[in-house]
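As structure tokens, the structure follows; a few thoughts come after it.
Each chain carries a letter (A, B, C, D, E and F) given by its place in the written order, and its residues are counted from 1.
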């Protein structure tokens, strides 16, 4: 099997794209090629619904232009911005890193917790769990108080805060695995796992493995209802949509 | 009380905006002013996740530019595109018409059903119910097989199909009220209600009444966590975000 | 629009009725008339299932006798005693203040908490949330340790305890809005909201606004199943039921 | 063990009380004495929320006056009217026949269905299942179209309709046991069970057995929170409440 | 009524069988005979999924050989090992002590908690609650840190730890009844109940009473789907299955 | 990456093991080695809880003896017999084919359905969905009326029945992907997928891909609570347990 995977960083911080790409490649199977791309526009980090909405539009632009050349697409922000929409546009499987992290945690643990960045991420994390229908398996959402860019700038400096949040999830909430709730935390997965003694899942790595699994099995998104391609319609404005005609 | 309400039609069809505005005004209390605006760009109807994602971005643009001048904002597409993001940007209450229709159905009925346009809308409707946490009160989603633009072009012609779907919801699914799952169906609410003998709720009317209630009571969106304003960040690209700086 | 609303205080404490009526009028739209009535009999406060059961019967008596002359009815006790039964008897919409407070909190907050009076109210509050199917949106129930009559006698004296319970709900439970779980707490809504920095909802105010919304939209209780009028039957005993005949 | 059980028929139809008493006695263990009493007032059958509310008050009157002399109390109407309130007043265990039927069905079947009388009972049955938190084990509610009094007047004539509804529950809904959703259907339990080939549970019989179990084990209602006795308060009106003082 | 009940201790510790049998007899009705048997093989205590799997096979062996001679069977380990399988093999009702304890707690309390032995039991307890569909009624699982054999060896010495865990469940989690999550704790039920002031349920006692109820009512396991007897098949290996033929 | 995977067929039918092994190898990545083994004893097919219980014990025996030599283990029966127990014993990841099929369906479809063999499998399938906490994503369970051995003997002959059940799931229940609820159906996955136009997932293939993902990422079962290894204890009887001592 050889798989070409597109990993989309929905924010505009190139250093995060580099780190995401490195993490993806570090975990890729032989024969898997990774292209990591930065969102063409948007904000340097995504920590609010509004930033997620912008990021979703940017993700769609990337997916519409480039997905055809790949075997699978990963959306590398823990809110999974634009995930369902991207599924309508791409001929290949699309996964979000929140989704992938949680799905790989399921066979390893009775329940998992998510460790997220800022406190304000908590309800967003609650929503991403509910959107994927996995509430019964989520023990808690814990936060570090650090912003995404603080974590990206100094992952080692963030390690203590992430580990502390994870430890409380394990000791107080009954978590048996930890999903790192931010692509920027990914490079710390092994170290924090060693510190906590439970599986710690980086969504980027998980997305690569999940896409390899789907591509290897030859299964793509169901197109009969929820993820049917949009109809051809007249389109106006700065954004684009495949199949639409410019009005 | 006087309230100025902004009703945003997230699609680009001006005739739908006119109909939405008329419906909103028809149900507005004395002292309530309605401004109905068409999305500045996008697609003429919204029937897929991808179109919803584009619409969310367009809605945000409108809300960011104009919400300051209003006492409340309604998003007039039954998928509630951009709702949570708009709440972060607006200093005033924001409601979606799916949310409003369901909330006003609750005190009138043991359970409600949604009658949506195309069959492909069914999972989107399921998701909007789950996103608002109202599954326990939703009896079913029924569809008509008609597109949004077919309904907008000839509401009377669509009446039979909508009534038939609603009747099955009442007779087979245990629905006691019907939420019309498309802004274009709104003008038919009274006629279908008379035909079915149960309350039939147009989300646009419901949104006006719900906003009047929130404005009248003087309560606005909580800004402590889920709907906190985005941080000021450097922004690039065709879209805008209040508080951000152009990178 | 003009609406005549009947607000029923299910307990027998006239001073609470006066405060409830004042709160209702303070939040009523122009053209809305409020009649607040005290339960004709029962207990001075309602803090147990047994007192709720008695109150439900008293509420029904008031609704049966008087609802015809009104456009909407509010039941002003946070357990919503007699709500479903009153819907069968009244030709106009009927809302409970627990229901109304929660419904108006939904578009303002990711999740709400209820601050109730005595500790023993906690399971009753849990049940009212479950009865309305809103568990997914309720962060917690917190209590003050104060009785309803202590709160009514000295609302200002109760303010610190209510604010403290609400603050814990916000800080520890993830609440973004607070529903005041007792009609007697209502007059404190604005002050506690200012103290906590989140929307604080008085169910009495919420019920007035929700009824204005339903009346303004012209929608009444569905009568096809759950809230169909009782059949005419022979009745005995001290209570009455419209349509029944004295056996 | 000897147990004295009070079975309260919440409606005023003495012939139903006789049938209920006979069913209770037919299933009582040696040493169990059954007193079946008719509600002192109310309606001859209970098929609406309003009739349930009246019945709850009548049940409370009986329980307050008589429970002291018994080891356990059963409320013999499938809506379990007044159940939680009665638990506050009685020093002994109190069960409802809906609750008892469902609890005894659980160890016998993967999921159960309820066969109720009139179609209008469906939402009331849904609510009684949800109130006891047993939705995950309830396959469906089916109805017969017959009224309670029609069933009581001619149980044999009702047998075919009840069996037909139960058969559809088994064949179409996955039910493996049937709870008879009306005290009047009770005498048919064995015959319908033989016809359907699944356990058919009469709530009256189940309540007797469940009370014998609780009494035999010496466990009574927890009084620490939900079912704590009401405080002593001044009471007015036609109803009574133990511990209260006449105002 | 006379009932012969078989109580199977799924572990191999004869002193626990004796204690279980004594508890069962102490709570049996006149006319009920109890035979308590020790698993023919396995481990001296059951505290893991693997030990549960072995115990399930041992339980099946006992049930297949002996259930015909009894009116009901109880499986006396709080994980209910082999419960569903035993129902397929036994012509009489089969209950687990977790199931029985929870079912008898339901009519006594708004919500119950389980006090289990070792911390590692917590997810197993969560699963047994979910398997019976009773999550909505379970307030929490608390643990003592003591092993099953430590409890069996010195119940009085364990009393303080069990009471402390139960007290926290009542005071912090809202429990109104306690289910003792281990057969070895059973003899302490009355003492801990007295200490906590809430009903404390021993699953062994509860299973006896629940079986007496089912036997007394003459209802046995539904055999139409989930618990249909296995087909006759060729069997190999050290275990046996009734109806199968030796390959 | 190279991975050695052990695929355990929990029944005793060697031809099924061969087919399972072939399916596993057909979908294995380069570098993945598959050893498919037949249960050392048990029944030729598993269609009841009792057969599942026996199979779980046989699976444990295989896992205890052989898992050390592998990088991952799959349990190839759609009821996932012995899954949690095997996780306690194996130093490597263990997945069940029901679990794997559902997890790979999730990123491809809004909701999936399971097509199972005999009608009696329906409640077992419901339980496996609930055990993994995935009810919100499961549209329905459909059955074919064919036994496992009938399917194994003549997969092509079974194709029409499986496709018909799947088609009803898609058209009537809203399924967008199908999980084949029996290892014997696996070889038909592509053909039925082509016929239905939705992704059809064979659990064996899915388990191989999921294990490759987990092994490739280097994550194994969490051992802190639910899946902690059993304590060393004295063991008796025909079965074995690693770490235990022969009593």
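The definition used in the following text is that a contact is a pair of C-beta atoms (placed from the backbone, for glycine too) under 8 Å apart; a residue touches a chain by one contact, two chains touch by 3 or more.
Note that this is a predicted model, so its numbers are computed, not measured.
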Quiz item: Between chain A and chain F, which partner chains are common?
Solution: B, E
Quiz item: Which integer distance in Å separates the CA centroid of chain B from that of chain D?
Solution: 44
Quiz item: CA centre of chain A versus CA centre of chain B: separation in Å?
Solution: 29
Quiz item: From the C-alpha centre of chain C to that of chain F, how far is it in Å?
Solution: 52
Exercise. Could you list which residues of chain C touch at least two other chains?
Key: 110, 122-123, 127, 130, 133, 136, 174, 176, 225-227
Exercise. State which pairs of chains touch, listing all of them.
Key: A-B, A-C, A-E, A-F, B-C, B-D, B-F, C-D, C-E, D-E, D-F, E-F
Self-check item: Complex contacts: residues of chain A adjacent to chain E
Solution: 110-111, 136, 174, 176
Quiz prompt | In the complex, chain A residues that touch chain B | solution = 12, 40-45, 47-54, 56-58, 60, 82, 84-89, 119-120, 122-124, 127, 130-131, 147, 225-231, 233-239, 241, 244, 247
Quiz item: If you look only at chain E, which of its residues touch chain A in the complex?
Solution: 122-123, 126-127, 130
Self-check item: Residue ranges of chain E in contact with chain D within the complex
Solution: 1, 27, 29-31, 93-95, 99-100, 103-104, 106-110, 132-137, 170, 174, 176-177, 190, 197-199, 201, 205-206, 209-210, 212-214, 216-222, 224-227
